[in-house]
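A, B, C and D label the chains in the order they appear, each numbered from 1.
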């Protein structure tokens, strides 16, 4: 049983009619529904809750945290960002979605600007698998299409990913590394590009399969926590003159 | 249930008394026993069997193949090597152990010389985890020791690994990238260094944990097989003048 | 002064009128001309020469070898392939172009199938830089276009590249990792996708810049050759009971 | 001509007699002297200078910045850290030395804790090249020794490096990834482990060779700055129903 917390800022859905139509109860509800219950125990958390729903206790009981944010990035308290960061360092998986590329937590973990090209033109996106050996590609066709999505284009200002699993083709002429992973501390991070709030992307069965795969991949490794600091020698050290 | 085939050349155990004492029924039996039955269905195969025990049927029903070879590398038929290679390309996992670094199949998959430094001096090896986020490090302490092993030293002539999980410290002064992974085609490869035939390495509980982790990691992804060759356009191509 | 040898099978240019029009003296001549003389000493070699123009002496005096082949892959002698492979292992750079993805030497170095999707439809290719920090991207715009090229599409069956510098967008709907590098032994390999024989790709100034960058990047490191085999201890090894 | 700025906090040398003896005019002077003038234009900067010697103008005229810090990490102004970070993002190389692993700039760029094991016991360090194809290994033997150094041990809490060039063996039983590189934004980062202030490490000719190699490797690529933000389509987008 992997314990998943789906975090959503839950703002667009309350102020934009267009978004409310697609996700009437919030993006987090549809993401959670898409993950399902087969091997997962899923709860949700939102920006407006105390501690944004991410108390020490909730994080301690989260194996993988999913993050959707956009217009409220700045409203996320620095203290909570530090808390999530610390939890990734000690093993929690993090799945960052779409506009989460500009969240405080993702930028802090990447160490780079995380900026990119974008365009809202309802264009076609075709997502190609470039690492069919990777578990995150499991159960997927070699490509799948989203009839309408926001475009994100290169250069995406992230570290060289540890693994690149998906690359997107966009109708308007750009490409994008759409599914990338990063090992950080004892934790694992999966960034997945699609998911603009005005399109029904999280109802798409292939997208849902990617999320389930990503969660399983990002689950904690269970390796021992590394010891830091001053370390006694394990072998005799010869005196030097 | 992951279907595992443990392949062993099974030669040293028949001709060297010292090895027979440690592995009276063969290294493969002790490896298979160490993997256990919790989630695994394990069988063994050896060089002396017809088709080295690696018929088309056996390979088609193998999710992960484990390879231990040394003095008999040259006795492995090229046709079987091609068969194993093709099976890795279409998704089978491969776990190559110790002196398997010089096997035909590993050299073919790596494309490099795969040579290294070595020394049989019964020295201490200390294996450090350098990627505690990786599932292959699961359930392991931050380092573990083997009181006596053959030394392998850098430079190990392999491609830059996709992931480096373990690095060994040797008493005699060398280091070695001891646990490394490679994505190849639809398949995954894990090379794990320890396992000299004169030492009881495969009885070691940490080594056994690494093997179980490596098998789970190397299991097929289940992604669709990529289509190759001449490809019809997915979008209209404008006529050029 | 980097010593460059441009190898071309030089077959299409003799049998296909369409190709002869674009490259009347051979693709190798136009590649060599594009590299120029500023820091480079360039010679050419072709399939029909003794030892395909790649004698031990020529290779010993080559820092970086450029490879263009297609219809004559099978005509390249295995002995010469082994020789080039050995030279890469001991430090020579190798720049493999376009249809060279299916050459014996590239397949041997990669260890994978190296297959891909393809289509000859005169379509537009747009090449995006995804690693602007890499020297192979030096002097290039963030993207450049080739008005007509053969399409190559994913999944490209190569190892996960050590560095991915360019990704192509194709008019017909595919993407491709078009500029990728690999460290192998003491040598470095750069694969660059464009260069179909019926289009004037090697006259393109951006393509020429990529080639010059790639050659400089692939030049030998000058590190000491690693020692292999049985190794005397560098530190005292304690007797074990 | 690569423009190099050697930054040193320059504190130990003023307060610890033991350090003053080894580096009477400061570590930066000895590092600068070791880099030399053959292809390099070197200046120095220190913590106590206005803006820590790292004004906008100095950084704009720096191709590669070298960073040595330890007891004064907290004294570095956040504004200067942001400035250096921005300059790396737009192409400046950064070479971080030894205890600089805990500097604000390195931690910000890595996004991880950057902690490690350490021990001051005057023990032997043996530095092995594990990527002899890499230019940072140029001109070096396959290993070299430092008779006395501080120990740094794994797990080193950094992202998986883009390239691992050196791994250290320590007398007391640990290993460490001692020479690692990272592509970040348009910039390149090289971390090199040795250099404890009480030992004459920066007088060592092999260490000096590593520094010169690292600077050349980290020099700006000269690629075009990527464009970010809202992007007009490069191809026609079909109206959707």
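The rule is simple: a contact is a pair of C-beta atoms (placed from the backbone, for glycine too) under 8 Å apart; a residue touches a chain by one contact, two chains touch by 3 or more.
Since the structure is predicted, the reported quantities are computational estimates derived from the model, not experimental observations.
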Starting at subunit A, fewest touch steps before arriving at subunit C: 1
Interface composition of copies subunit B and subunit D: same or different, split at half: same
Cα-centroid distance, subunit C relative to subunit D, in whole angstrom: 31
Distance from subunit D to subunit B - Cα centre to Cα centre, in angstrom: 36
Set of subunit D residues in contact with two or more other chains: 126, 129, 131-132, 142, 153-155, 160, 162-163, 171, 173-174, 183-185, 226-227, 234-235
Chain-level touch network, classified as line, ring, star, complete or other: complete
In the complex with subunit A, residue positions of subunit B that touch it: 91, 126, 129, 131-135, 137-142, 162-163, 171, 183-188, 221-227, 234-235
Contacting residues of subunit C [partner subunit B, same complex]: 89, 108-113, 115-119, 121-124, 147-148, 151, 153-155, 157, 159-160, 162, 171-174, 182-185, 226-235, 237-238, 240
Of subunit A, residues touching subunit C in the complex: 126, 128-132, 142, 153-156, 160, 163-164, 167-170, 173-175, 177
